[in-house]
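Okay, structure first, notes after.
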Amino acid sequence: MDKLSLQDPVFATYVIAATLMILKAVSMSWLTVLHMMQVKGGFRSPEDIKKTPLNPKPNPQQLEPNERVERIRRIQMNDLESLPFFLVAGFLFVFTEPSLLLARGLFYGYVVSRLLHFAAYFTARTHDTRATHWTVGSVILIAMTCRTLLAALGY
Amino acid sequence: MDKLSLQDPVFATYVIAATLMILKAVSMSWLTVLHMMQVKGGFRSPEDIKKTPLNPKPNPQQLEPNERVERIRRIQMNDLESLPFFLVAGFLFVFTEPSLLLARGLFYGYVVSRLLHFAAYFTARTHDTRATHWTVGSVILIAMTCRTLLAALGY
Amino acid sequence: MDKLSLQDPVFATYVIAATLMILKAVSMSWLTVLHMMQVKGGFRSPEDIKKTPLNPKPNPQQLEPNERVERIRRIQMNDLESLPFFLVAGFLFVFTEPSLLLARGLFYGYVVSRLLHFAAYFTARTHDTRATHWTVGSVILIAMTCRTLLAALGY
């Protein structure tokens, strides 16, 4: 059995979902950078208000929290609480030899739920909308993990 | 050699420990939700005090930090600093072909140390108790990682 | 093909880089502990100012943020935003069967960029220096991930 190959459809599906989620996570760092540059603030370290080519006119207010920047940081924090666990859970789920249909449903379902969660959070939709998207992803993650645990226990 | 199979006892041991830790991590998110619903507060985003079915009587105090909610967030933060690295380190440790006894001792020892850490943190035991449980898990993680590094270097 | 073996040079390179990064991440937790012990403060939980053998003379100021401790926490936060994703992205990149030269360049390049980032952050170099090191690592991570995504899509 050569499950772990990009030629295997289930593993390839996992890799596509995993790499998309990694790119999503890394994008949050860049989006934080972008927003800090736009508002010229939201910095966190004392040395960030030294005069440099990237910050020619520093002032102490740049160290105060900026809501636009903090919003991205909250989105990123939510990613950190979820994505690393999806990345490992999804990988281990491959060993339960799911059907391609099930793998696609769960892996891509998770990806879509996280993109919708981002859209809702970024545009400041109500808590209930954001929570709904988050819940879909979390339930998929829990379901995959429980299925894998049972398989490892021999059920 | 087919190390990466749920039929392999060492790999299955890893998968059991890993999925338990993933479920533990995800539970922290749900526990945060549960506490936020109980105290009707501890929210973080300005839009969370809009009136919605889940928050019919919003008020600005809901955005203030709530110690019960913050405690879970600190526990979760501690998870994020540890669990993703255990998940990868444990997986790579499988490639060093440890005995089943050693694998069980380290993998399940880590799981138990994290559950005790959670119990101590959640019930606000002294720092020393909490730190002791944390240290056991951290030392297991470091030992596995060093062993794997040496094996990859050919020792 | 037995790509996933410590005898395989590309996989062994990944494992060396991954274990070094895991040790780096875990070190940040210990460095936080060390700094908290040195300044006898920077604690976060109310129970941390109970009298214990490790904290024989507690006082409420120990719960106030301490810049030396906060600096390590910011460094660690930066690790959490990057390293877990590198660990998975690097592993999946192995399946694209890169040349050993390319794998070494990317994996060890990432490791070096993170160590330089740590050095710049720890010694409070200017934001621009720190950002440069961070950018190198982030670009390597993005490049590996995009290459893997394309391979999984069949390109």
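All chains are identified by letter, namely A, B and C, in their written order; residue positions are counted from 1 within each chain.
Following the convention adopted for this analysis, a residue touches a chain if its C-beta (ideal position, glycine included) is under 8 Å from a C-beta of that chain, and two chains touch if they have at least 3 such contacts.
Computed from a prediction, not measured in an experiment: that's the story for all the values here.
J.: Mapping chain-to-chain touches, which pattern fits: line, ring, star, complete or other?
T.: Basically all the chains touch each other, so complete.
J.: Between 0 and 180 degrees and rounded to the nearest 5, what angle rotates subunit A's CA atoms onto those of subunit B?
T.: Nearest-5 rotation angle for the superposition: 120 degrees.
J.: From the C-alpha centre of subunit B to that of subunit C, how far is it in Å?
T.: Here subunit B and subunit C have centroids separated by 17 Å.
J.: Name the residues of subunit C that each touch 2 or more other chains.
T.: In subunit C, the residues touching two or more other chains are 4, 80, 84, 88.
J.: Going by the contact rule set out above, which residues of subunit C touch subunit A in the complex?
T.: Residue list for subunit C touching subunit A: 1, 4, 67, 71, 74, 80-82, 84-85, 88-89, 92, 95-96, 121, 124-128, 131, 138, 141-142, 145-146, 148-149, 151-153.
J.: Given the complex with subunit B, which residues does subunit C contribute to the contact?
T.: Contact set of subunit C toward subunit B: 2, 4-6, 12, 15-16, 18-20, 22-23, 25-26, 28-30, 33, 43-48, 50, 52-55, 76, 80, 83-84, 87-88, 91.
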